[in-house]
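As written, the chains take the letters A, B, C and D, and residue 1 is the first residue of each chain.
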């Protein structure tokens, strides 16, 4: 317990978003909504990582025409790079999931996950 | 029964995550920034770029970016394959 | 989705978006953005062209566009730049920085106005990744568009 | 050039995959291209193993001046992404390249009549590249990226038969599981980054303090990798994915599953091995998970009618043996006398079982694919009397079935025997469960053999013939490996398995980047 609730507000938001994402994946019946749930999870994790890079009163880590006081007070660049990677991966996953959803609708005529169940047992 | 089980797992997970976030280090005060300060100090000289984030993305962690480009390539191949035309096959 | 208002707006807006995307790709090592972001912006311009037109016209517009080849070209270019470093260093070494080659200029230390002729392999990688991303995203949207429009006629 | 081997291992399949879509409709050309590329990577992986065994851990730092420049001058923290190849990673790399090669040969005829093959082979090579990246990397975020590559490529291939609704259903299920698991891995990576400001596996392992947050990260990593390697209770995606994927992709997909198992071992041994107290508990959890996995898998398999689905449930059950073997080793990792007594052998059994299982389960799934290719059905009740029509498939099936049931002199016996012997020393009850599972496995395969191959020849299969040559070649390669590994287990154990086990045990070596820092 080395940080109080209000200081850690961004992390609390991350936890809420994660919970929301898991709820959506677990309890929604429409396949598109389930995919949106995965996206929410994606956003939560991205936000968590980018929040880790923040330094109090920091500036963007870019030297082009930066204000003079920015030198030595830049936020950490690695989390931003990681988030960029993770966002692109998220786009890729979503595109493939939607393609599968289109195929499922073509074959089953429904997107209700409780009725998309030919594989069981 | 299934719903109850799911709800239980869900609640456990939420508690788990709250613990993770509350006992994490305070926001805005990274305790160890050796790697990042190296990037900020050396990006202009080693990678010859004003934008430190780009230098991290393409130089220091360039291999991740190759992987990332590959992921996009994979997804495009996958989407094109999943939505290819299937004439004459059983539905 | 193909009213006159949308068509006219697209005609005015799409070239601007494409130019802006190219700017972000080329200045990736100086200003916020880079290959991925610029490629996404560029692709959104092309996607605007796709969704604002009827199916036949889109098919004619993109029939000759070598999207697959562009995508492979971008990916292979990235790999090639990586292999360039193998000559005397390691895979993906920034071998062009400070070498005097194209994009091989020296960056002054500290705050500066930003010079385009710097960045070494970074600038090349930005361009290749930009090519790859614009081709990839456009072909994803294109295939969804074509499939769904076709099936709507069939249903 | 030899010092660039780790980078080339990943660059070669990527190169092959990026070229593949340019073949367009020349399906024959692209299949030969894929066989060519995967064949070269088999050679590269064998070279890599040789290098690792002679010179110890190989480091490869991407973008540095020299491949071995782990730390920049005057700095105590690693900056760049690096590959850290120890014998365990090289061992997994050999399985990945070998199985991709066999899969590419098999696919040459198996998917000949389908369309979209340039994408199919591109994805096959991407899957291979993803697995290779996962098992060679020494960077946590890099691990996540390659996990996603393998997951996306695998799920796209599961949905390859897009004229079947079931394929898309299995594909989205697999993609959902793998993306959620990868996101949780990423969350754990973020936790480590927030704590230690670095992403290097060895650096974090050296500095990990095991406070509450680290414990949560360990839990997340453990759960997500267990989910991705198909351990009970997150096993439900395995049968669907394995059943719907074309049989030529089954071998690399199996290796992709076990690459997650490798990551699980990596996390338990390398990342958290410094912690003395809780490691035994992790080992016990792993062993019990293993026993549950094997038992539930085999009971589900007994009631299946679909031949590929039956074999997929056996794949779950066999994963349990690996978890059991390595889990037993993990419980005694910090007790040198017990480790020498049975811990090392238990882990050798578990690790040996990985490659054995990959070989014989690929063989079995390929024979199932051959049955499907010839008869057009996977339902056991509709088959019968095929032994005379398909002699080579029948022999391959018999070899695979004997191996999976642990009958001597096939390879399954060698590794299972090691596991029985050593788990008995920890707790006899574990051994009893493992043996009962083995007997049930045998019963289940006798049933398959009787209903598919024996019996009177059916009229509807009158004109059926043996499968084409490339499929036969692929099956015979694996059958020969089954027999060879069973006849000379000591050679394989000494050359491949014990180096890999020792690499896991000597985690201090890994922590110091092979003695470079």
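The criterion applied here is as follows: contacts are C-beta pairs under 8 Å (C-beta built on N, C-alpha and C of every residue); 3 or more make two chains touch, one makes a residue touch a chain.
Here the structure is a predicted model, which means the values were calculated and not measured.
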{"item": "A-C compared against C-D, more contacting pairs", "value": "C-D"}
{"item": "Subunit B and subunit D: spacing of chain centres that average the CA atoms, whole Å", "value": "24"}
{"item": "Subunit C-subunit D separation of Cα centroids, rounded to whole Å", "value": "36"}
{"item": "Chain centre separation (subunit A, subunit D; CA means) in Å", "value": "29"}
{"item": "Contacts with 2+ other chains: residues of subunit D", "value": "14, 18, 21, 62-63, 141, 145, 148, 152, 155-156, 159, 162, 164, 168, 171, 194, 199"}
{"item": "Touching two or more other chains - residue numbers and ranges from subunit B", "value": "20, 23-25, 30, 33, 35-36, 39, 44, 50-51, 53, 55, 57, 59, 61-68, 70-76, 78-80, 82-83, 91"}
{"item": "Multi-partner residues of subunit C (each touching 2 or more other chains)", "value": "30-32, 34, 36, 71, 75, 79, 82, 91-92, 94, 110, 112, 114, 133, 140, 144, 147"}
{"item": "Contact graph of the chains (line, ring, star, complete, other)", "value": "complete"}
{"item": "In the complex, subunit B residues that touch subunit C", "value": "44-51, 53-55, 57-59, 62-63, 65-66, 68-70, 72-73, 75-76, 79-80, 83"}
{"item": "Of subunit D, residues touching subunit A in the complex", "value": "141, 145, 148, 152, 155-156, 159, 162, 164-166, 168-173, 175-176, 179-180, 183, 186-187, 190, 193-194, 199, 239-240, 243-244, 303-304"}
{"item": "Parts of subunit C lying in touch with subunit B, wherever the complex brings them together", "value": "28-32, 34-36, 71, 74-75, 78-79, 82, 91-92, 94, 97-98, 104-110, 112, 114, 118-122, 125-126, 129, 132-133, 136, 139-140, 143-144, 147"}
{"item": "Touching residues (chain side subunit A, partner subunit D) in the complex", "value": "18, 25, 31, 34, 38, 41-42, 45, 48-49, 52, 78-79, 82, 85-86, 89, 92-93, 96-97, 100-101, 103-104, 106-108, 116-119, 121"}
{"item": "Subunit C residues touching subunit A - in the complex, by the definition given at the top", "value": "30-32, 34, 36, 110-114, 133, 137, 140, 144, 147-148, 151"}
